[in-house]
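Take a look at this one; I'll ask things after.
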Amino acid sequence: MTMTAPKTALPPAPASGRGRPGHRSAARRREALTGYLFTAPTVIGFLVFILGPLVAALYLSLTKYNILTAPKFIGFDNYARMFRDERLATTYGSTVLYVGAAVVLINGFALLFAVLINQRLPRALTYVFRSAYFFPYLVALVYVSIIWQALFQKDTGILNYYITALGGERIDWLNSSEFSKVSVIIVDTWRNVGFAMLIFVAALQEVPKDMVEAARMDGANEWQVFRRIVLPMISQATFFNITITIIGAFQIYESIIVLTRGGPGDASRSVVMYIAEVAFNKFDMGYASAIAVTLFVIIMLVTMVQFRLRKSWVNNE
Amino acid sequence: MSNAAALPSRPGAGRPRSGKDGRRRRPRPGVGKTVSVVLLVLGAVGMIAPFLWMFTTSLRDASQAYDLPPQWLPTEWDWSNYVDAVSGPVPILKNMFNSAVIAIAVSIGMILTAPMAGYAFAKLDFPGKNSIFVGLLSSLMVPAQVTIIPLFLLMRTFGLLDNPLSLILPGITGALGVFLLRQFFLGLPQEIIDAARMDGATAWQTYRLIALPLAKNAVSTLGVITFLGSWNAYFAPSIFLNSTDTATLPLGLVLMLGPYGAGNVAQVMAATTIAIAPALIVFLVAQRWIIASLTQSAVKG
Amino acid sequence: MRKTFRTSIATAAAVALLAFTACGSATQTAAPATDGPYTAPAKEVTATISVSNWGDPGDKAVYDSVAKRFKEKYPNVTVNNNFTPITTWTEYVNKLVTQAAAGQAPDVINIATEGVELGLANDLFTPLDGFLENDPEAKSLRADIDPKLLAGFSKDGSTYLIPNTFNTMVIFYNTKMFEAAGIARPSDDWTWDEFLEISKKLTTGEGADKVYGFAMPYYSFGITPWLYSNGTSMMSEDLKSAQLTDGKVKETAGWVRDLVTKHGVSPQPKGSDPYQLFPAGKAAMTGAGHFVTGGFAKAGFKDYDILPWPKGTTKSTVFGAGAFAVSKASKNQELSWEFIKMLTDQQTQKQWADAGAAVPSTKTAASSPEFLDSPEHAEEFYNSLSYAKPVAAPGVYNVLDPAFMRAMDEIMSGQDIGSSLEKAQKDVEEALQQ
C-alpha cells in the first residue's frame, strides 16, 4: 500500500504562514491527502464507536425505548424521572463517596510511598519496592477482586482472622451496609496506589536537588522543604493523579460485582452498576442513557474544572 | 536514506528516568531511612500478600483452603486444582483462548493504526489537523458507560452480539495510542524526515522505513498496554458476550466464583493464578518500558 | 450451580436446571397449525430445525440423543441445538424476538416458567391446541402429565408449551446426622416450629467444627417456599400486582432473617453455598430441588433423604418447570411439533430422569424404579407437586427477582424489614406500570 497520492481535487490547503513557493502546492496537497489517509482508520473508529454512539446516547436519553418496540420521543421525562429515583440517589451517593475516598487515599498513600521511595535507597531495594507496588495495577480488577473477596469472608477470611487474633471483632466486610463500601474502597486504593506512586516518583526525580539543598542550607526543615519546594514542583503530577483517580472512581464497576454484587440492597452499588442494570436487565434503554449522560457531563465538568484549577495552582515551570 | 543508527539519543519511551545528579552526595541520617524502609516493606507486603495467598491456596486441597491460621507458603505442591479448574463446568481454557484472540487482534490493530495517525499528527501538515486531534483526545473523556448502550444496539443490529468482533472492532483504534505515538514522533528531528523525502521516498516509505522503526520501543509499549487492557477488560465483554463458550477469561472466572461467591476456592484461585500469569510475564519483561511511557505521558502532560 | 453472568442468576440457575413435558387443557382453540386429522410430515421431508435452549450444557447429551433418534425418523432433517446460558429472561426473550424480526427465529423454543409470561406477551409461541386435539400420539403423553404443570403453560384456554421437567423445593436432610442426634424423621406435616427446634438441636460446634442445622437456599426460588407455606406470595394471584409489603411477606422475611441472626441455625447466606455445606456435613438440612442430586451423586454423597417443606400456616412449596414451544415464526411447525413430541416422550423422559437435573414431568417416568431409587423418599419430588404452586413470574420477573433479593440482602444485614420491602415494592410497581 504505497501511498502514491493521486492528484485528485482536494480542498485547497489553507495558506500557512510559512509562505511556501507555489510550485510546492501539489506536494502539500499530497501531504494533506497522506495525512487524511494515515488518520483515516483512527478517525473512522472514533466516528463509529465513540462520537456516533455518544450522539445516539444523547438522543436515546430523550426517548422511551425497551428494545422490543421503536424508541418513542418523550422529551426530558427521563431527566425529570431521575429526581424521583431514590435508587439513583443512593448509587450516586456511594459513587461520590468512592470518588472522594479515591482522591484522598490513593493520592495520599501514593505520595507517602513516593517520598519514601525517593530517598537514596539501594538501587535493588528501590526496584523491588517499585515493582511490588506497581504489580497490582497490571492485574485485572476482576482478578484482584476475586482474591480479595476470599480474604474478606467473615468467618473464613484471613483478614478477620488477624483482626480477631489482635483482639478485634469479626467484621462483616461484604454484607454490611457500611463495610461493603469500605471493602470496595480498600480494593480500589490497594490496586491503584502503585500507579499514582510511580507518577509521583517520576515527578519527584525531576525536582532539582540543588534547590532542595539550597533550601536546607537556608535552614528550612524537611517539612518546609517539602511544602514550599517539592509540592509545588510536582503539582503537575498531582493534578494528573487527581484527575485520573476521579475519572476512574466514577466508573468503578467490576470490583463491586465480584465483592458485594452491589449489596446489601443498594448499599455498595455504583452508578455504573445501576446504569448496567437499568439498561441490560430492565431494558429501559432511554432512562439508562439519560443516567449515563449525567455521568458523562459530571466527568466532563470535573475534567474542565481541573484544567481551570491547573492554571492557577499548577507550576508549569 | 539516512542511517537510523546514527541518530542522536532517542526521544521518548524506553528511558527510565534515573535522576543521577546528587546521588553520590553525603548519605542522609540513618534513622529516618530505617523508618522509611520499614514502612515501605509493610506496604510492599500488603501489595504482594494477596497474590501469595492466592498461589498457596491454589496448591492446597479445597477443604484446607480456609484453614486458619493461614499458611503463607505452599506446604505441598499439589497441582490438581489446576487440572480441576480447567476441566470444570466453566471452560476456562476456551475462555482464555477467547481472551487471547481478542487481545491479540486488538493489539495488532492498534499498533497498525495508532502510529500512523500519531505520525500524521506529528509530522504531516493537513487542514483541520489540530481540530481533529483535539476531537480525538476529547474522546478520552467519554466514559465507556455512555457509549455502551448505543454500541450494544449497534452490535445487535449487525448480529455481532456474543461475537468477539463486538470487542475487537471498537478496540483496534483509540486516542490514547495516537497520543502516545504523536508524543514520540514530535521528538523525532524533522531533518530525518526531510532527508528521506529529498531522497525521493514517498510519505508512506518515509513513515514505514524511517520513522516507524525508530518508534519500535514506543510501539511495543503501546502493544503491551493495549494487550493488557483488553486482557483485563470486564465491562464491555460482560455486556456483549453472553455464553460460556464465547466468554472471556474474566467473565469465566466470575462464573466460576458462582452466584454465592462460593465456588471451590482452591480451584478459583488456581484459575486466577493462570489468569494473572500473562500480567506477571509482561510485568517481568516490560515493566521498565511501561512505567516509563505511562509516567512520561503524565509528567510531560 | 453453574452458568450465567450477571446478578439475578441464582434463581435462574436453580430453575434453569429444570426441564419437562405434557400437554394441555387444549380445547376448541384459536386456529391451530392443523385442522382436522393430524398427519405427521412425510419421512422424506428435507428441512433444518433449530432449537433454542437455555439449559445447562450438561443436558446436551439428552438433546443430542433425541436429535439422533429424530434423524432416524426423518433422515433428511437436520436439528441444530443452540445453547444460551441464561442471563435474564428478558434478555433471552429479547434475543428470540430479535431473531424472529431478522427472520432467523428458531423453530423450537425451550423456556421455563419464569419466561412464559414474557414470551406470551411478545407473541413468541404458536398455540399447540390443534396438535394436541388431533394428533393421537399426543393423547397418552397428555394423560400422563399433571394438569398443574400444563396449566402454567396455558393462557385463555390455549396451550402453548409442553413441559419436560420441573423442580419443586423440598427439604433435604442428612440421615446420619439425624440419627446421631437421635432425631426421628419428622412427619410429612411438620411445621416451622418443629423445623426450628430440630435446626437448633443440630447446630453445634465452633470455628472450623461449626455445623449448622440448616443451610439456607438464598435465591428467590429458594425463599419462595417460606412465603407460600406462610400463605402469601410476592405477587397477587393474577400476577398483576406486587404485594411485597403484605404483612405476611414481612413476617416471612423476618423468619428467614431470624434463622441466621436470632437463632443462628443458618450461616450468613452470602459467601456460603448451601449445596457445598450440606454434602460436606457442615449443615444438617438444606432446601433444594431435585437439581442438586446430580452434584451430590458426583461428590459421592448419599446420606440424605427428603421431606416436604415445613408448614407455616399452609403446606405448600414452589415449583418451576421447563417446557418447549413451537415458535410462531417457524416455517416447519409440524416438524417442530414432531420434535417436541420426541423431546418429551417416555424415552426422553427417562433420560431426563437419569440425568438427574430435574423431575421428569410424566408420572410414568417419575415413578420409574431408577428415579425412585434414591433417596428413600424420592417419590416426594413428584408428589410435592400436588401442594406446590408455580413460581410467581409476572412479565416483569427480571425486575421482581433482583428487587426482592436486594430487599432480602438489606434485611439480612439488619436493616428495617418494612422499608426494605417497600423499596422493592416500588421498583416492581414502577416496572408493572411501564
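A, B and C are the chain letters, set down in written order, and residue numbers restart from 1 in every chain.
Going forward, a residue touches a chain if its C-beta (ideal position, glycine included) is under 8 Å from a C-beta of that chain, and two chains touch if they have at least 3 such contacts.
Since we're looking at a predicted model, the values are computed, not measured.
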Inquiry  = Quick check: more C-beta contact pairs at A-B or at A-C?
reply    = A-B
Key: Most remote chain, CA-based centroid, reference being chain B   = C
Request  = Could you please state the distance in Å, as a whole number, between where the Cα atoms of chain A are centred and where those of chain C are centred?
outcome  = 43
Query = Which whole number of Å gives the spacing of the CA centres of chain A and chain B?
reply = 15
Request  = Return the residues of chain C touching two or more other chains; collapse runs of consecutive numbers into ranges.
outcome  = 6, 91, 98, 270-271
Message = At least two partner chains per residue is the criterion; list those residues in chain B.
response = 68, 238, 254, 261
Ask   = Which residues of chain A are in contact with two or more other chains?
value = 67, 149, 153, 156, 174, 257, 261, 276, 280
Inquiry  = With touch defined as at the start, can you tell me which chain A residues reach chain C in the complex?
reply    = 66-68, 86-87, 149, 153-156, 172, 174-177, 257, 261-267, 276-277, 280-284
Task = Would you tell me which residues of chain B are touching chain A in their complex?
result = 17-19, 21-23, 25, 27-28, 32-33, 36-37, 39-40, 43-44, 46-48, 50-51, 53-54, 57, 66, 68-70, 112-114, 116-117, 119-121, 124-127, 129, 132, 135-136, 139, 141-154, 169-170, 172-175, 178, 202-205, 207, 228, 231-235, 238-239, 250, 253-254, 257, 261, 265, 268-269, 272, 275-276, 279-280, 282-283, 287, 290-291, 294-296, 298-299, 301
Message = Taking the touch rule as given, give the residues of chain C at its contact with chain B in the complex, in rising order.
response = 1-6, 9-10, 13, 57-58, 83-85, 87, 91, 98, 102, 207-208, 218-219, 269-273, 276, 280
Request  = Going by the contact rule at the top, pick out the chain C residues touching chain A in the complex.
outcome  = 6-8, 88, 90-91, 94, 97-98, 122, 210, 267-268, 270-271, 398-399, 402, 406-407, 409-410, 412-415, 420, 423, 426-427, 431, 434
Inquiry  = Give the list of chain B residues in touch with chain C in this complex.
reply    = 63, 67-68, 89-90, 156, 159, 238, 242-244, 247, 251, 254-255, 258-264
